[in-house]
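Chain nomenclature is as follows: A, B, C and D, assigned in order of appearance, with residue numbering initiated at 1 for each chain independently.
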Amino acid sequence: MNHEPVETRVRVRYAETDQMSVVYYANYFVYFEVGRVEWCRARGFDYGRMEREEGAVLVVAEARCRYRAPARYDDLLAIRTSLKHVRNSVIVFSYEILNAETGSLLAEGETTHVLTDAQIRPRPIPESYRALFE
Amino acid sequence: MNHEPVETRVRVRYAETDQMSVVYYANYFVYFEVGRVEWCRARGFDYGRMEREEGAVLVVAEARCRYRAPARYDDLLAIRTSLKHVRNSVIVFSYEILNAETGSLLAEGETTHVLTDAQIRPRPIPESYRALFE
Amino acid sequence: MNHEPVETRVRVRYAETDQMSVVYYANYFVYFEVGRVEWCRARGFDYGRMEREEGAVLVVAEARCRYRAPARYDDLLAIRTSLKHVRNSVIVFSYEILNAETGSLLAEGETTHVLTDAQIRPRPIPESYRALFE
Amino acid sequence: MNHEPVETRVRVRYAETDQMSVVYYANYFVYFEVGRVEWCRARGFDYGRMEREEGAVLVVAEARCRYRAPARYDDLLAIRTSLKHVRNSVIVFSYEILNAETGSLLAEGETTHVLTDAQIRPRPIPESYRALFE
């Protein structure tokens, strides 16, 4: 299992701030999703295609974020995504969000996913995708 | 055609503000959608069901908003939605957003929709829904 | 400390769904915020006013959600918010989100907040607000 | 006045789709904002700094989008932003959103802004920023 994090960058949008002039707390989970998608792309795993071709979806079972310091409008963020754990249908990703210019840690979190079919019943990882996660 | 507006209310969420301490401009289109759904419900038109049973979807072709005065966090808003125009597959709704407590007009707009099938090809309004729009 | 949950309701917006036809996972944190605001209102605590008058802000330090079953477009949700824990500058809220019609539990979570001044330095709960939390 | 469009790219996030499996209509206005910010950056105009140093804010007065074809999850989009018109306190931007891989036009629109002070009263463009818009 490749534990090396995959890094991707996003710039904070005005839409993502709130009246406290910081990124609204729920949006870090959107950044986690961006990181997760780029982790998949970097590993050659096309999530959209798995969803279309295998009818397999990654359902979120749990999500968690610890906020260390606020991200602000127009900040360039580095999202570091790692595959933390895989067992049967369960996949856990972990994330760090840093200010890409200063390197300071802004947030960290995990998301736990269960691989399911389109009816949201747990199913094993499709054969052709297994190597990517193991 | 019933031109009477349908009014519904929403309270501005913290998530919907931006660092200018006003509602972020794109979110008025979310309020328009809330108004549109409640217009449909008030007229006995279940949009979700039409989507499921008829495979008919209302695709947005154009959307427009004029901003008169800012809405702020925790403001109670009144969304007044009217059916403005129907022709063949084209349906136009208009909206006014007011501060529900002061009555002042905050925004007004229109959305133009084309009724399509699931493959996003225009189709006439399903027979059983026609009376609602005419 | 009043442990009684405060219940509020929201209807799932189209904007909040994703292409899996369920509520996008980050939006549960927006619902938590709606619940938190209504908890405050029900307890006579005007968060916007405390922010304006005392320069005191509730910064989120941690947020977590466990997803039990998907919420879908147009579902009416009941958000039950409880004050779980208060110590010095730290306030923990817990939440349950249920389908208001079936009563089934869809999600549950917690958010941990630190009360700070406008420069995001921890500060005690303002005197005039203390009774609400104790 | 430099009429050359500035192009920037975004990849469609899962968060931005809706249950019709296309980008939710309000999110195009978020893309417009991303384009507007990058137009400013490309012209050497730091919007965040003008807001901080001059207390000058660009308030949206009108926004409009025509939807040509749906954008989908993980599509790479090109946003082409042009300064269309400037007069006194009024600035109009226009936008085209294309699929960056196929080149097909997905949406186009305009936003009209009024430059105001922090109390949302119209004010002329600050001297030191005037050259950028003229």
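A few remarks follow.
Here is the rule we go by: a residue touches a chain if its C-beta (ideal position, glycine included) is under 8 Å from a C-beta of that chain, and two chains touch if they have at least 3 such contacts.
Since the structure is predicted, the reported quantities are computational estimates derived from the model, not experimental observations.
Centroid distances built from C-alpha atoms place A farthest away from chain B.
Across the two candidate interfaces, B-D and C-D, the one carrying more C-beta contacts is B-D. With each centre defined as the average position of its C-alpha atoms, the distance from chain B to chain C rounds to 27 Å. Averaged Cα coordinates give chain B a centre that lies 23 Å from the centre of chain D.
Remark: chain C and chain D have CA centroids separated by 32 Å (rounded to whole angstrom). The multi-chain contact residues of chain C, meaning those touching 2 or more other chains, are 14-15, 20, 26, 30, 33, 73.
Looking at the complex, you find that chain C touches chain B at residues 13-15, 30, 33-34, 37, 47-48, 73-74.
Put simply, chain C touches chain A in their complex at residues 20, 25-27, 29-30, 33, 57, 59-67, 70, 111, 120.
Within the complex formed with chain C, the chain D residues making contact are 14-15, 17-22, 24, 26, 73.
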